[in-house]
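Two complexes, one shared chain (chain A), two partners (chain B, chain C).
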Partner chain A sequence: MSNLALIATLLLIMALAYHLGLTRSRAVAAEHDVRMHSRPGYYGALVALWCGLPALTLFLLWSFLAPQLIDMLVTQQLPIDLVAGMSDRELATFLRRVTALANERSVSGGGTPEELAAAAHMARLQTFENLSLVALMAVCAVTGLVFARRNISPQWRARNQVERVITIALAASSAVAIFTTVGIVLSMLGEALKFFSFISPAEFFLGTTWNPRFSTSGTDAQGEFGLLPLLWGTMMVSAIALLIAIPVGLMTAIYMAEYAPSWLRNVAKPIIEILAGIPTIVYGFFALIVIGPFLSSVGDLVGINIRTTSALTAGLVMGIMIIPFVSSLSDDIITQVPKSLRDGALGLGATKSETIRQVVLPAALPGIVGAFLLAASRAIGETMIVVLAAGNNPVLHANPFEAISTITVTIVNQLTGDMDFASPQSLVAFALGLTLFVITLGLNVIALVIVRKYRQQYE
Partner chain B sequence: MNTSAKTNMPSSMVSVGGGESRTSKATNNVKMRAKDVKVFYGDTQAINGIDIDIYENEVLAFIGPSGCGKSTFLRCLNRMNDTIDICRVEGEITLDQKDIYAPDRDVVLLRAQVGIVFQKPNPFPKSIYENIAYGPRLHGLAKRKAELDDIVESSLRRAGLWEEVKDRLDQPGTGLSGGQQQRLCIARTIAVSPDIILMDEPCSALDPIATGKVEQLIDELSESYTIVMVTHNMQQAARVADRTAFFHMGDLIEVDSTDTIFTNPQNQRTHDYITGRYG
Partner chain C sequence: MSITIEQRRQHRLMTIEKSLSTRHRKERRFRRLGLAAVIVGMTLVATLFASILMRGLPAFWQATFYMELYFDPEVIQVEDKPQQASGESQAEFNQRFAAWQTQVGLVNWQSLIDAALQETLDEEIEPRQLRDLRALLSSNERFTLRNKFVEDPSLLGQTIEVKMLASANVDVWIKGNIDRDLADARQQLSAQTRAWADQLYDAGVIRNAFSTSLFLNTDSRSAPASAGLAGAFMGSLFMMVIVIALSVPLGVASAVYLEEFAPKNRLTDIIEININNLAAVPSIVFGLLGASIFIGYLGLPLSAPLVGGLVLTLMTLPTIIIATRASLRSIPPSIRQAALGIGASKVQTVFHHVLPIALPGILTGSILGVAQALGETAPLLLIGMNAFVANVPSTPFEQSAALPVQIYLWQGNELRNFFEARTSAAIIVLLALMLSLNALAIWLRKKFETRW
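Showing the complex of A and B:
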């Protein structure tokens, strides 16, 4: 029985269990002529849960453990000299091929006699495993159903128990996101530590040269992994982007929140927010094809040598990209400043722009700073625009008209093409990723703290 | 309710609010005059044509049930309704015989002359000192720091707040108690030396003790300012106002000396309201 069919059947049985619980609770109520603690639907739901949850838990545990058990049994069955002649890695490959054969998928080379014999053994084991799973789940489901149905009585607090299950289910869903985050961080940390066994942290964080050579040139030629040129490039592009996005975004927000007539706001706000929905790769080739050549020709006019792909090109386009972040976050925050403060200033004879500059903006400042920091972390993590438009030139220099490279671009470079995850050339990506993560996390935390503090002020 | 209003009335009030005599004496002292003022919110008419004179140095109270238009009318007097997009004002309001809605009228100067204190204390998120100094700075009232310091001190003194805050002028105004915040807002209004102070239910967010202090302050301020206040609390009107105007459903039903309004109203609706039959 395939797993999909198994789950479908279980759901059907649960539906049946719901119905049985529902009718049973009505019958009990009628029989004893009393008011049940909960409404019939809750008894139905509880019986369904008793029927489904244990069986489902069993299924999950089984799917996780059974393949490992089978692998172990198959390995034990293999000729001793065959196993002794294999490294762990070879054994894993061998088992993978056997599993494929047992599930009637073809493998390259068609399989050796030993593999075919093991596959036949594995297929037998799998059939047995599958049948016993079906049987056990059936027992579980029916036991749960019967037990819960017999338990139905006017005193049984079905509603409270269902509510508890719902709470647990909701908490489990939130846990998924949290555990994923923790898992990603831990795996990055693990790989980064491996990298630091090749290159010392001091060399990585303080090195001023980025020249990681190719892993094929041998372990002796490890190259230099200095973070600073990349960090500098990231900071330069982000700074240019923020120089564009902060003034434009903030002024947009002020206009939208304070001056624009409502019809204009209704039309313009969604259009501005669409800017945030354009894929960054599109911004990237827009930068490469339109902005780069344009800046370059402007540079020619005024006598500055501006490269087509440069920190300026990437920063400018990235700035345009994050305008909507700044403007729509600041807009929300400016709108939240209570009208009474505006009235207070206007009532003293302040003009509209005086009110905004001297009362509204200072009151909204913490929140606006939070918006800036969120925009900054967005800029630092941005990848595609810089990949296409920054020129990929990891050299430490201060000229925004020259090509640069950033942390994100370098991660892309190190992880595309042939990879060997045992070499520092690939592993460095994790150290870079971790650095990036720590920077943006720090900015986000500061931003959230500031925004929250501000919210409390007026709620 | 009527009885309590009368017993709460200070005896001085009765002599000041000598109804007829004051009205006839003050004709050449009309500070503000409203003629057939109508206010619309979009298509809804909130005020149906109000005529009223406001005399120099009087305390005039607007009373009436919720939604009767008293706050709306008050906010017409320094054009605070301009900040509401859909609000439209018709008719004529003059201040010292000059139309305040005239096209060439500078609303900024008008509001410096006709200050307003709101229902909920709304100190700026700045220091106490900066809260007071804000208005004088806007209008360039002080040339030197010392002058500004003087204005801040005298405004706080007149608002009866100086002794409480003189040692912490650099602390945020939002950290004061509700009653102190409201007196700070009054001090802030006084600091730009207006002729008229509008008060929109200035005590409705305050506890009885803070209310008492603000009422006492209004009494003191009436010596040098014209005060127009909206209140929900009829005893308050009886305690502090020289004259009281009763609003109902966007109409000005009756305006007379506070004494007359509370003891011998001419209109049946006024009578019903102050005796607590509705509202």
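Showing the complex of A and C:
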């Protein structure tokens, strides 16, 4: 039985169990002429849970353990001299080929007699394993069902138990977010440590040359992995982006919150929201075909040599991308400043702009700074715009009209194509990713703390 | 004494009077600055949309040949299409059918097209001009012709009007996307081909027809004119299904737990900070997570929508959790108190009363999160979805492209003149999908918005 069919059958049996529990609880109530503790649906649900959960747990454990067990049994069956001659890696390849053969998939080269024999053995084991799984699950489901159904009585607190299961399930789902973070940190740390076994951290963090060369397996040709040119490029592009986005975004937010008539607000706010949803690859393409050539021709007019793909192009377009982000965050924060502050200032005779500049903005400052930090972290982590429009030139220089490279671009360059987790050329992507993660994490945490403090201040 | 006070008062009033005009000027300046910022923002956006629409819309129409084609029995010398005889097993029939198909495949379909073109041009074509002639049509049209015949062998000996895609270079030439005054050496097409293309365009044989290939075909390397989005669309669809099926239930469940059930302690505080922080982690980091854990550790297949869907799920989860929590928080406590007061349990209160009210908000947040995932590119590049895939995936485990990645691949194609428009068209398709999702979300919110 395939796994899908198995689960589907189990679900069907659970539905049946629900029905059995429900009717049984009604029958019990009628028989004893008493009020049950819970409504019939809860008894049904509880019987279904008793029927399904143990079987499901068994299934998960089984599908995790059984393949390993089978691999072990097959390996034991192999001729001794064959196994002795193989390294761990060769054995793993051998087992993978055998598994493919046993599942009637073809392997390159057809398969040697030993492989075919092992595959036949494995296929027998798999049939046995599958049958026993089905049998065990059936036993589990039926036992659970019968047990729970017989337990139904007016005193049985079905609702409380069902609700406890629900609460546990809810709590378990909120753990997924934690696991994601743990997964990010562990995977990056693990691969980055592997990278640092090739290249020392000092060389990586303090190196001023980025020249990874190509990964040539077997040779010791190691390039230079200096982070600084990439970090510098990231900073330069983000700084240009923020120089564009912060004034425009902040002024837009102020205008929207304080001056704009309500019809304009009603039109502009959804537009701004939609803008925030435009994929960054679109902005990147826009940079490449419109902004880049435009800047280049403007440069020709004033006599500066601006490359089509440059830090300026990427920064400018990234700025455009972040404007809606900055403006909607700042807008939220400005509207949170209590009206009494504004009324006080206006009552003293201040003009509206004086009120905004001398009362509202200072009051909103922490929140706005938080918004800027979040915007900065977005700019630093932005990938597609720089991949398309920054020109990929990892050299330390201070000319924004020249091409440049960033951390994110380099991650993409190093990890696309061959996925080989053994060479420093691809492992460096994880070290870069870790750096990126730490930088953005720092910015985010500071920003979130500031914004949170600010919210509490006026709540 | 009283005079000096009066004088001072006068003096102060005067200074205020005098400064008033400056202050009002400043006020107006500030206000204009704000308006200018709004206008700058809107202009930039308008430029973005205008430039992409301008480039992309023409690509929905493509130079197409409408001409008579004779299925010449002298060229197509094949047996009749096999029919399954009674008593013949399926395997035997399949074998016979495959043999027939091979036979059909060996027919020189190109010569039929060549003959049709000669007929249409009404010119005797010398063999050395064949190269120029063949440059007119997309190179895989001979396969389209073959497939047409396989489907309907009765075409043999008939003359029918066929619709065939012009080659990418002819499309560029007809639309004027290349400088027509460039020297011969820098043109993609020979002078003869260009002359023919113009002649046929004037004669109405080449017309700009709606490009169905853009939607029905997959990416193609050998025949760029027929490169389409079908494969990428399916890939994106699979990923969206996975994202919706996983991230919405998980996200809503964890938001409900955190907002309604979790005790307020350090642990939930950490979870909260962690979720807010995850929402701001750069998307490329999720790609690295996918590459290392799903592909490197769990050994899931490269470039599969399954892996893409999982990565995007993890990325979308925080967005959905935050939106759901905001939605739950906006429900007044009186609803919960009322339910609890008449004896509902905590779980009943949440599932029977709070969640239904919060549903529009949850839907809006989820749609926005899914739309964002639809347009995400960077993490997909890291799990190998930038591979060239020439067929439509039928399961989420097969290799596949995705819409945003297809855009990335096309913008890098060397055939710049053609693919710039093609890429813009793909962007228009992607934006149309995303904007309609966004509009749906905003509409839902407007429709069901409750102010307490």
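Everything that follows uses one rule, which is that the second predicted complex is superposed on the first by the 452 of 459 C-alpha atoms of A that agree within 3 Å, B and C clash if a C-alpha of one lies under 4 Å from a C-alpha of the other, contacts with A are read in each partner's own complex, and residues count from 1 in each chain.
Note that a residue touches a chain if its C-beta (ideal position, glycine included) is under 8 Å from a C-beta of that chain, and two chains touch if they have at least 3 such contacts.
Please read all numbers here as calculations on a predicted model, not as lab measurements.
With both complexes brought onto chain A, simultaneous placement of chain B and chain C is permitted, the two fitting side by side without a clash.
By the document's definition of touching, both partners, chain B and chain C, reach A:354. Within the superposed three-chain model, A:340 lies in touch with chain B and out of touch with chain C [touch as defined at top].
Residue contacts after overlaying the shared chain place A:363 against chain B, while chain C stays out of touching range.
After overlaying the two complexes on the shared chain, residue contacts for A:20 are found with neither chain B nor chain C.
In the superposed model, A:290 makes contact with chain C only, not with chain B. By the touch criterion defined above, A:415 lies against chain C but remains apart from chain B after alignment on the C-alpha atoms of chain A. Note on the superposed arrangement: chain B and chain C approach each other to a least C-alpha distance of 7 Å.
Annotation: chain A residues 351, 354 touch chain B in one complex and chain C in the other. Taken in their complex, chain A has these residues touching chain C: 159-160, 163, 166-167, 169-171, 173-178, 180-181, 183-184, 187-188, 190-191, 247-252, 254-256, 258-260, 268, 270-275, 277-286, 288-290, 320, 323-324, 327, 351-354, 356-357, 374, 377-378, 380-384, 387-388, 408, 411-412, 415-416, 419, 421, 429-430, 433, 436-437, 440-441, 444-445, 448.
Residues of chain C touching chain A in their complex: 23-24, 26-27, 30-31, 33-38, 40-42, 44-45, 47-48, 51-52, 55, 249-251, 253-258, 261-262, 271, 273-278, 280-286, 288-289, 291-293, 295-297, 302, 314, 317-318, 321, 345-347, 368, 371-372, 374-378, 381-382, 384, 386, 404, 407-408, 411, 420, 423-424, 427, 430-431, 434-435, 438-439, 442.
Looking at the complex, you find that chain B touches chain A at residues 78, 80, 83, 85, 108-112, 115-116, 118, 120, 122-126, 134-135, 138-139, 174, 185, 188-189, 192. Within the complex formed with chain B, the residues of chain A that make contact are 261-262, 338, 340-351, 354, 358-359, 362-363, 457.
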